[in-house]
Amino acid sequence: MKPADFTLSAGPTQCSSRTLAAMGSPMVYHYDPAFLDTFRRAEEAAKQVLRTSADVLLLQGEAVLGLEAAGRAMVRPGMACLNLSSGPFGKGYGEWLRAWGAVVHEVEVPYDSAVDPADVERALRAHPEIELVAVVHSETPAGTLNPVQEIGPLAKAHGAVTIVDCVSSVGGMPFEPDAWQLDLCVAGAQKCLSGPPGVSIVSVSADAWALVAKNPDAPRYSFLSLLDWKHSRLEGGRFPYTPSVGDVHGLLACLEQLLEEGHEASFARHARAARACRRGATAAGLRLWPRSEAIMSTCTTSIATPEGLTDAQVQAHVRERYGVMLSGGHGAGNLMRIGHMGVTADTMYPVVGLAALLRALADLGVPVDIGAGLDAALRVLSDAAEVPA
Amino acid sequence: MKPADFTLSAGPTQCSSRTLAAMGSPMVYHYDPAFLDTFRRAEEAAKQVLRTSADVLLLQGEAVLGLEAAGRAMVRPGMACLNLSSGPFGKGYGEWLRAWGAVVHEVEVPYDSAVDPADVERALRAHPEIELVAVVHSETPAGTLNPVQEIGPLAKAHGAVTIVDCVSSVGGMPFEPDAWQLDLCVAGAQKCLSGPPGVSIVSVSADAWALVAKNPDAPRYSFLSLLDWKHSRLEGGRFPYTPSVGDVHGLLACLEQLLEEGHEASFARHARAARACRRGATAAGLRLWPRSEAIMSTCTTSIATPEGLTDAQVQAHVRERYGVMLSGGHGAGNLMRIGHMGVTADTMYPVVGLAALLRALADLGVPVDIGAGLDAALRVLSDAAEVPA
Amino acid sequence: MKPADFTLSAGPTQCSSRTLAAMGSPMVYHYDPAFLDTFRRAEEAAKQVLRTSADVLLLQGEAVLGLEAAGRAMVRPGMACLNLSSGPFGKGYGEWLRAWGAVVHEVEVPYDSAVDPADVERALRAHPEIELVAVVHSETPAGTLNPVQEIGPLAKAHGAVTIVDCVSSVGGMPFEPDAWQLDLCVAGAQKCLSGPPGVSIVSVSADAWALVAKNPDAPRYSFLSLLDWKHSRLEGGRFPYTPSVGDVHGLLACLEQLLEEGHEASFARHARAARACRRGATAAGLRLWPRSEAIMSTCTTSIATPEGLTDAQVQAHVRERYGVMLSGGHGAGNLMRIGHMGVTADTMYPVVGLAALLRALADLGVPVDIGAGLDAALRVLSDAAEVPA
Amino acid sequence: MKPADFTLSAGPTQCSSRTLAAMGSPMVYHYDPAFLDTFRRAEEAAKQVLRTSADVLLLQGEAVLGLEAAGRAMVRPGMACLNLSSGPFGKGYGEWLRAWGAVVHEVEVPYDSAVDPADVERALRAHPEIELVAVVHSETPAGTLNPVQEIGPLAKAHGAVTIVDCVSSVGGMPFEPDAWQLDLCVAGAQKCLSGPPGVSIVSVSADAWALVAKNPDAPRYSFLSLLDWKHSRLEGGRFPYTPSVGDVHGLLACLEQLLEEGHEASFARHARAARACRRGATAAGLRLWPRSEAIMSTCTTSIATPEGLTDAQVQAHVRERYGVMLSGGHGAGNLMRIGHMGVTADTMYPVVGLAALLRALADLGVPVDIGAGLDAALRVLSDAAEVPA
């Protein structure tokens, strides 16, 4: 069975041919000096991509591994945590915190909204015992963004450590762990970096390590252990287990491409693609899912599925008839998402996603103005001062 | 420098990942039994793709090698030939015939037209001494089609051998050497087969071999020799020189994919893509280059460049600003070509080419109705009974 | 830095170009119907490769993930377990069992030996409360084999569930979960299957599921959860998280190659390579590490490092001067291992490993008879009735 | 059918994974600015690899295309040429010269010998009218080397232009067109450069261009035309036809790798591999084909096939039983050739070739001392001061 001609999902997304070639390059033994060198370079590149001075570890599993391992390393039973929930991933993290025995305070907003820093401040004031604040930067399923640049300093001032899910923001929009005083950040490669999904990038600040140190039950000798990787990579130990060689090769390749392009150029590219998609969608008569443009994440354009249809139905039609893979709401609601991430946040990809979605909706009986939508999207691409390389 | 995100040129065109993997598979010695087997399978697959019972040879160079080698093998000084010219490739073949010493009669039509079989019949009657008729099936630079299905039987009835350039038709539209009584056909892989450009596929009928046999100066021991390859592949000889291993691997892969899909499915796919592009272009207010739809080749949509612009200018703008590689007129006139060949004759590729071209023309001051154009193109894709796999 | 020209380690080992091409094939969304189809086919192929009628799950991490997830799913605090230790992996599993709260009984033998089924029987008789028996089939670090074909029936007769580490045996030597009454088997792809290291293949019998059912604390909603994958793949749920797309592509490819070749042909190939290496090593004057040939695993040839040298020293010399990557003892002792796994268990690879090792030892002052060793190894390859394809 | 595990032929030879990835990278339109850039960079890299200040053209076919095109461009009917023949390629060039109408004088030596510059000098003195001297630097089929460093200056002093076949020498041994006053040099990529076979690298000095200018019949508008490429690449024209995109990508990659490694490092690597093979072969009791070590080319080790056997027979046995592809004499005589070219002129590859050959000869009844041979080869690899990277 043939994959979609265009993978414009919310991730994994299309990879560059260079990244794919790296993933398919010859297998090497994990203690081959060449692989040790590759691994070290991937760590260094990840650090530069995250723009952090903190320690960076590469865990060998999709970003949820990093998120779980980081939480388990820090959370002690009875510890007070503040969970910020504006979407399925934020919501889920609260469930994890509870499962690990934490006393969880929560700021919750609907899945088309973003967390208000004032609420965070209030919660921290009300609970001086809070030691950890968990927040998702870019809530991929909803296509929304939380103001972690304001939440980080609030938490730091309070003396709490932050754990931040930046899986779908890194590489595609500003994210500054050091400037924003964020402690433990977990990124993935399969979103705005156009890399493989099998690796978690975890940055850990000194404050985060201090919190880990307070946890006598932080896992060791486990696939879920952050400390095993600390021992391995920061204290001269051996690998806790065999790394995913192909994914590490792919990760280094996609990180190097981001660094060669430059963060700002990539951010501008993602913003332009997002703007084109959004202008197009609204010009066609559709409603964007997030309540305001200010809280939209540039990684996807989230569009409310029109009345009478389900996202699954639209997604299947787009895939079958037009060979384009989009994403649905994935737990955030009845919405469609056009991914513009990594290599697909460029040139005509936004038009492909929008055209397929609009025509599919028309097929399914929704009155959309396809011409107006695509015209508006193309106008944005044309107006952009920046010209794709 | 990054290649175009979308190569929608008139060829070479995008290859499938399977074909690319074949091109990049390990290099082998040309007398490795595995390569000998690959080469034989490529010949057999080429024969099936061409739907011919004639001999099929694979020359190791772009299709112009096959066209030149075939001509030099057959043409004797003073021999009467009929050359049919409806575009730059047809025109050029006449020049080659003259250079090789033939007495050339010619039916010439403007480059937006097709040869009329009645003119061919007339010319053959006027010159009973004509031994060879040269004709281009699909004139790629103009995007037009000559009625070789009628010309073949005329030539055969006359007793003349035909040499047919089917480089851009094979795989993308009906082409039947046996049924149409065509003698020597030269195809390439880089057009509707989505393969590598470095190999010529040459089918040779018994009548064509008989004409070669009459030519004492048919090249031997030369890169241009058809007889060397006959000796090598049909008479048990060794390779005249080292074949282009990577291109042969890629050729076999793309031929196998065509055979797995089936000729008719591929033709329908190309026709649908062409129809979408054409409806879109005209709905946007553009003029198609060929005089009538009946003579349009489905491999490209050829569009007259609007007044005041040159094809080179439009092509450069589309490439720079929108990351899409289209073709210009390539000697056929001031026209733009959107290729829909092989893998790009599918799903949203025609929309990508059309959107980029329309927006570029708008940027350059041409009043085009982008919305109407794309809406019309998408309507065709939607209406198509066939759903892309 | 250039990887070794020859990766003859104890895994990851070299992959075929077909497997590498699969790993580097275009990234797809994990809910693309084409990927869902790939995943299902990989599960089915894994089941055939394991020759089991039990359920097969693919966990998204190196085989230690499967081993840990399986153990955590089954082991309850206070539960009596029998751990069989004949090498570092067996030893380590006992530590895991203890960490998870089990009451651990143990049969331990030196790392150059294999577990005696009589000892297992004795231990089971002495502790009728034992519910789980943990055993490693092929102890990769030592290059030894435990008689799981006898241990399985003993455990089954006793009413205990077996968990078997068959990471380095599957594909390279007989392994029959059903016939041998083994319950939960964990395999990896990076050894005798010549696949990527990032995926665990886990087969689970009805008895194993019954033991999991008795464990109210079997992890859910965790990277370590076997039940999440049961829910996902056997009960119609969604993926617990994004699978490692590239590794799944590679896994399917290597499994298909094994099935195309046939189990017995692959076993014979591995056995021949092992025999060549062993005869060569002893003819050169070296001592094989395992106490007897009967307990040698065919995945590696384990050779005692000669007096006065360390395995790390020899390994580094072989890699630097001869471009060959071998493995050392990895916790099992001072030994060198030449891997002959998957694609490297064929043709001249054993000679490469042996020649590099012998010459390196000579360089380091060990009196070895290089000529005699290589001559003996080549004699085995020549004598073999089977001819490599 | 599976290709050989080890391609140690006389070319095409194994490519690096980087070169293969380049060959399999996405297809691009030949007028895509990115491809134009690639092509220009390949020309520049080829110039650096050839170490010449002359013009360098890349013809789109295996090196015999370059050799034929160059000759046809320069040779006029009746022109006096001196052909130097010490092997099948030299011999064949004389036949070409005659076929093109030249008056051919010849210095011929047996195929296990090299041309003596004194004979060249004598011939030039005897025939002051000689305008062209044709010579093969490295006669691949025989594994011998002609002293072009002495022949070049002789020809230049005489006022004759030289055409030099350096297909199997460039990259693997010293070759200095400028210092040696060589005029027209034709190289290929599939030998010591470990690249694809589909491209000819042709360097043309001012004197060579002057000779072309004297030839009114130098081909134009032909696949065989050097002038078409001159027009295209040196005078601002368009490509005469579509280049072999995949091979150009592969060519650039392999040239860049040679330049990164450095000429001298590569020469040393080739020399070491050749020395190992030769010492091994003679220690085993075999006779090297060339009359003296001084005239051996480092690209292959040529070994006289022992009495009673044919090279084809040995080659087939080595391939079938040991998965290694060697070359036979290819017209030079009854000899076996172990290629050590490009990536295979390194680490254990020479041992692989030698071991397979020796064991095969033993299988076929030849009394060879396998142990002594391999021991001697490994001793050379060990002694080498240089350590492979």
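All chains are identified by letter, namely A, B, C and D, in their written order; residue positions are counted from 1 within each chain.
Everything below uses one rule, namely that contacts are C-beta pairs under 8 Å (C-beta built on N, C-alpha and C of every residue); 3 or more make two chains touch, one makes a residue touch a chain.
Keep in mind that what you see is a predicted model, and the values were worked out from it rather than measured.
Participant: Can you tell me which chain lies farthest from subunit A, using the average of the Cα atoms as each chain's centre?
Facilitator: Of all chains, D has its centre farthest from that of subunit A.
Participant: When contacts are scored as defined above, which chain pair ends up with more C-beta pairs, B-C or B-D?
Facilitator: Higher contact count goes to B-D.
Participant: Would you mind pulling out the distance in Å between where the CA atoms of subunit A average out and where those of subunit B do?
Facilitator: About 45 Å separates the centre of subunit A from that of subunit B.
Participant: Mind checking the centre-to-centre distance between subunit B and subunit C? Centres are C-alpha means, answer in whole Å.
Facilitator: A distance of 52 Å separates the two centres.
Participant: For subunit B and subunit D, let me know how many angstrom lie between their CA-based centres, rounded off.
Facilitator: The answer is 35 Å.
Participant: Where in subunit C do residues touch two or more of the other chains?
Facilitator: 1-2, 21, 24-26
Participant: Can you tell me which positions in subunit C touch subunit D when the two form their complex?
Facilitator: 1-2, 5-6, 320-324, 343, 346-349, 351-352, 355-356, 358-359, 362-363, 369-372, 374-375, 378-379, 381-382, 387-389
Participant: Given the complex with subunit C, which residues does subunit B contribute to the contact?
Facilitator: Against subunit C, the touching part of subunit B is residues 17, 21, 24-26.
Participant: What residues of subunit C sit close enough to touch subunit A in their complex?
Facilitator: Against subunit A, the touching part of subunit C is residues 1-4, 7, 9, 11-15, 20-35, 37-38, 60-62, 64-65, 68-69, 92, 95-96, 99, 190, 194, 196-198, 221-224, 240-247, 250, 319, 325, 327.
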